[in-house]
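In what follows, subunit A forms one complex with subunit B and a second complex with subunit C.
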Partner chain A sequence: MRRKLNLLFSLFIYILTALAVLVLGFVIYFIVKEALPLFSEVSVGEFLLGTRWMPIAYTGSVSFGIFNFIAATVYVSFTAMVLAVGVGLGASVFLSCVATDRMRGILYPFVDLLAGIPSVIYGFIGLSVLVKIFLKAGVHTGSCVLAAGILLAVMLLPFLVASCSETMLKEREKYEAAADALGISRWYAVATIILPASFKNILLSMILAIGRAMGETMAVMMVMGNSNLFPRLLGKSESIASVIALEMGTAVYGSTHYHALYGAGLVLMILLFLINIIINLVRSRMVQE
Partner chain B sequence: MEEIMTLKHTSVSYDGKPVLKDVSMGIRKNRIMAVMGPSGCGKTTLLRSLNGLLWEEPGAKVTGEVLLHGKNIKEMSTEEVRRQVGLVFQTPSPFPFSIYKNMSYALKYYGIRDKNKMDRIVKEKLQMAGLYEEVKEELGKSALKLSGGQKQRLCIARALTVEPDILLLDEPCSALDVRSTAVIEGMLARLKETYTIVIVTHNIAQAKRIADDAAFVFEGRLVEYGEAGKLFEHPQKEETKSFLEGIYG
Partner chain C sequence: MKWMAGFTKFWAYVSFGLVCGVILFLFGYVFYRGAGTISVEFLTEAPKGLVLGEEGGIFPAIIGSLFFTGTAVVLGGIPALASALYLVFYCQNKKVERLLHLVIQCISGIPSIVLGLFAYSFLVRDLNLGRCILSAGTALAIMILPFIEVRAEKAFREIPACMIQSSYALGCSRFYTITRIILPACRGELVSGIILGGCYAMGATAPMIFTGAVAYAAVPESLLSPAMALPLHLYLLLAQGATSMDTAYGTAFVMMAIILISNMLATIYARRSQKKWKRS
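And then the complex of A and B:
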């Protein structure tokens, strides 16, 4: 009886696990299946490197080039990452190495709260604060890549801070007393021991963060201006996720436009896989050393 | 005999709870002093009060005087105290660098830039800790890859790089096997020619093997203190006797 129960239970667990993998498989299958018909009409090179996106023939012929969208996605994600890593590392050092336990207990929930705000609210704040500031500063219409980058950076912060400060706290507990006993000052120890020791995990949290940044749709869409232009810091642009979100509703089912949007989704997914793989390779090489 | 460190009516409390009560004792130069006592009796606190590590712990309050070469350590800078009083912890804690970088870390911090001088000190201290022969071919190897006993000897060698007068050891062998323990004990016997050593241990056999002086701490009080031979052979207090017979474990 007990044996049968064990068997049943393990079977149940297997099925649940398979289900989770299956969902991923299904997502990939579905996206690939819906994207493939596109490539019978548009070549892969044209799709990836073309800069003209004209899904419906208002003027002249249709054209499906998503190069600018790809560039914008990468550009805005890295802008956000640079901004967020700077602030995030500072905040993590403070939380893990300076703040007392009591202070940490008070400050951590605020960081968590930041992660719980829906992205549309971020977009709204970006629209009513950031875009206005950029408008006053002389940027045409105020919507720009930098605004989206700043907004995204704020959204990435809680993830970066939570994981980085946790790592640093652990490293600090390991090494602080030893450094202290040698008479080493706190800041010197932070800069020369704790930060380098945390580096791998900082990199890992950066991967997770960049994944989020690339897929983030709403907030970016609301402040980036959504024009098919090559991204410049203070110019408008449009990310892959924004194109899909903006146009999927109006694309006719089964049309080339519809398939092209799935194609764009596929590209976004592959982009994320590639970045994950690259950073993981770098990381495992560092682990070996 | 010259006393290098003196405690005068030192008491320590954490958040109002007394941990160490009115301890007065002298630590004599070029000798190994063993501090014994059951877990939680205040041995480690006693050790930490000697190099001012307690100052930074929130909630800890230290009263009384701790004199180093006749000077109150509270009147010295933290850096000065730490340089003169080295401390090695129970769990070996090498920094996540190479062996060489572990050894040169404090040297660099204290402004030694001359590569030859640094090499010489690193070699000398590793030899003192009895580690040099084992690692001389691979000073660039990560210190985290050493065995537990090697790590602990590296930590001792690292503590020696700043040229302390006293070396405090907080149960340095409790995480190590018998062989590593023997190696470290042999090393300590050599080190006392140059340094003064205070070792906290709950291992009575170890204290018997290496100590010149011994102290027994129980429930925050210094119960008995004196020459190791005398204390082990003829303990004056009932509590010491019971401890040596293994009653408090």
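And then the complex of A and C:
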């Protein structure tokens, strides 16, 4: 009886794991499959580098170029990452070198609250606060890339703070006794030892943060203005994820437009995949050292 | 070089203050603006009136969101736990392990909107399920699977090897070891991981726009009917313009309250069941 139970449980685990992997693999396969028909009609270069996105032919010819969308996705993620690192690093220094263990126990879950807020609420607050501020400051209609960047930066903060302060805590444990023995002041030690020592891991979490920012849909879509333009800090633009979310409902099943949206999704997936590869490379090199 | 120390100190305090300020502002703003709308009627009535959200409440959206979240947690959580157990206790082949990690990493990298796209084409169209809780729940389940798996695997790996070895040495089967020793030992992390995954699923809008959430529906009766959901309701209220801002703030209030309460529960539960070997 007991042996049967053990066998049954093993079987259960094996089947569920296989199922999970198969489903996940199938999702990837399906997206690639639905994107490929596009490239029999539009060449890869035209799709990636073209700047005209005209899915319906009511003004002349159709055309599918997503260069502006790719640029906007990368641009807004980069802006967000730069903004988030400035604040996130400072906050992680505070958490790892000022806060006591008890304070950390309260402050970590507190910062983690940011990660729990749904992106639609970020978008909502962005619309009702940020966009209004930008409107008063003289930006037309108020929605712009910078507003999306600020929102995304807030969304990235909990991830950056968690990974950076973990690294810094480790470095602090390693060097604190030596620094104390040399009589260096605590803040001098932070500035000249702990920060440089954790630089590589910080870089890694920065790349990870860009990846996270690129896949974000709702918050960006709600405050970025959504028009097919090359991104400027105070101008409107449209990210890949927003194109998919806005146009999927109107694309005819099986049409080039439909496949082009899958193509855009595939491009986004490949960008994220490249980021993952870079991270793995950097990490394995760090382990070697 | 002295200025560097001072600058770092200044920078750390200011940015931590800024982070706390942002968090307090986000919650404070939504709670302050939304508090006026919250009433018993708002929480227990269906939307009424000609324009969505002009009158009435959000009861079907709250129940709908619970349905979506429940489906996602059941469909995503169980395979996530199973594959975490497999990776830590069953898998002996390094290649299989690496392959599994690769697939999971890929999926966690897929933007949620692309998962929505997949569920729309495959489940809603090809399998002819139609827009329903099950289709959207599956998309959400795929989204939270890596999220829960990573947390569960981390928790399992933190168990000291000697505990597992002692159990095997006493002649306990793998089943007995897992159900009596490992799962109870990781209870805190597992439960909080699942709660946070549920929150993540509840707040996600992108995967359910085309797959199951609709602008108006009654309280769902089965998994094969469409339903309302809080995040989509909020988005639609905003998209239709300034006619029902009060309801929008109220909806945001309810979502933030759910997030805050479940985060607190998860944290408290995880801390209470903290493992003995971690306590000093």
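Criterion: the second predicted complex is superposed on the first by the 252 of 289 C-alpha atoms of A that agree within 3 Å, B and C clash if a C-alpha of one lies under 4 Å from a C-alpha of the other, contacts with A are read in each partner's own complex, and residues count from 1 in each chain.
The definition used in the following text is that a residue touches a chain if its C-beta (ideal position, glycine included) is under 8 Å from a C-beta of that chain, and two chains touch if they have at least 3 such contacts.
Keep in mind the model is a prediction, meaning the values are calculated, not measured.
Steric overlap between subunit B and subunit C is absent once the structures are superposed on subunit A; the two fit side by side.
Look at A:Ala197: by the touch rule set out above, it reaches subunit B but stays clear of subunit C. In the superposition on chain A, contact of A:Ile31 is made with subunit C only, not with subunit B. After superposition on the shared chain, subunit A has more residues touched by C, the comparison being subunit B against subunit C. Of the two partner chains, subunit C is the only one that A:Thr17 touches; subunit B does not reach it. Of the two partner chains placed around the shared chain by superposition, neither subunit B nor subunit C is touched by A:Val131. When the two complexes are overlaid on their common chain A, residue A:Ala178 makes contact with subunit B while staying clear of subunit C.
Between the C-alpha centres of subunit B and subunit C, as viewed from that of subunit A after superposition on chain A, lies an angle of 90 degrees, to the nearest 10.
In the superposition on chain A, contact is made by A:Thr100 with subunit B only, not with subunit C. In the superposition on chain A, A:Ile66 makes contact with neither subunit B nor subunit C.
Of all C-alpha pairs spanning subunit B and subunit C in the superposed arrangement, the closest lie 8 Å apart. Residue overlap on subunit A between its contacts with subunit B in one complex and with subunit C in the other: 185, 188, 192.
Here subunit B touches subunit A in the complex through residues 51, 53, 56, 58, 78-83, 86-89, 93-96, 105-106, 109, 155, 158-159, 162, going by the rule given at the top.
The residues of subunit A lying in touch with subunit B in their complex are 100-101, 174-175, 177-185, 188, 192-193, 196-197. Of all residues in subunit C, only 1-2, 4-9, 11-16, 18-20, 22-23, 26-27, 29-30, 78-80, 82-83, 85-87, 90, 99-100, 103-107, 109-118, 120-122, 125, 142, 145, 173-176, 178-179, 196, 199-200, 202-206, 209-210, 231, 234-235, 238, 245, 248, 252, 255-256, 259-260, 262-264, 267, 271 touch subunit A in the complex they form.
Residues of subunit A touching subunit C in their complex: 2-3, 5-6, 9-10, 12-14, 16-17, 19-21, 23-25, 27-28, 30-31, 34, 86-91, 93-95, 97-98, 105, 109-114, 116-121, 123-125, 127-129, 154, 157, 161, 185, 187-188, 190-192, 195, 211, 214-218, 222, 241, 244-245, 248-249, 253, 261-262, 265, 268-269, 272-273, 275-276.
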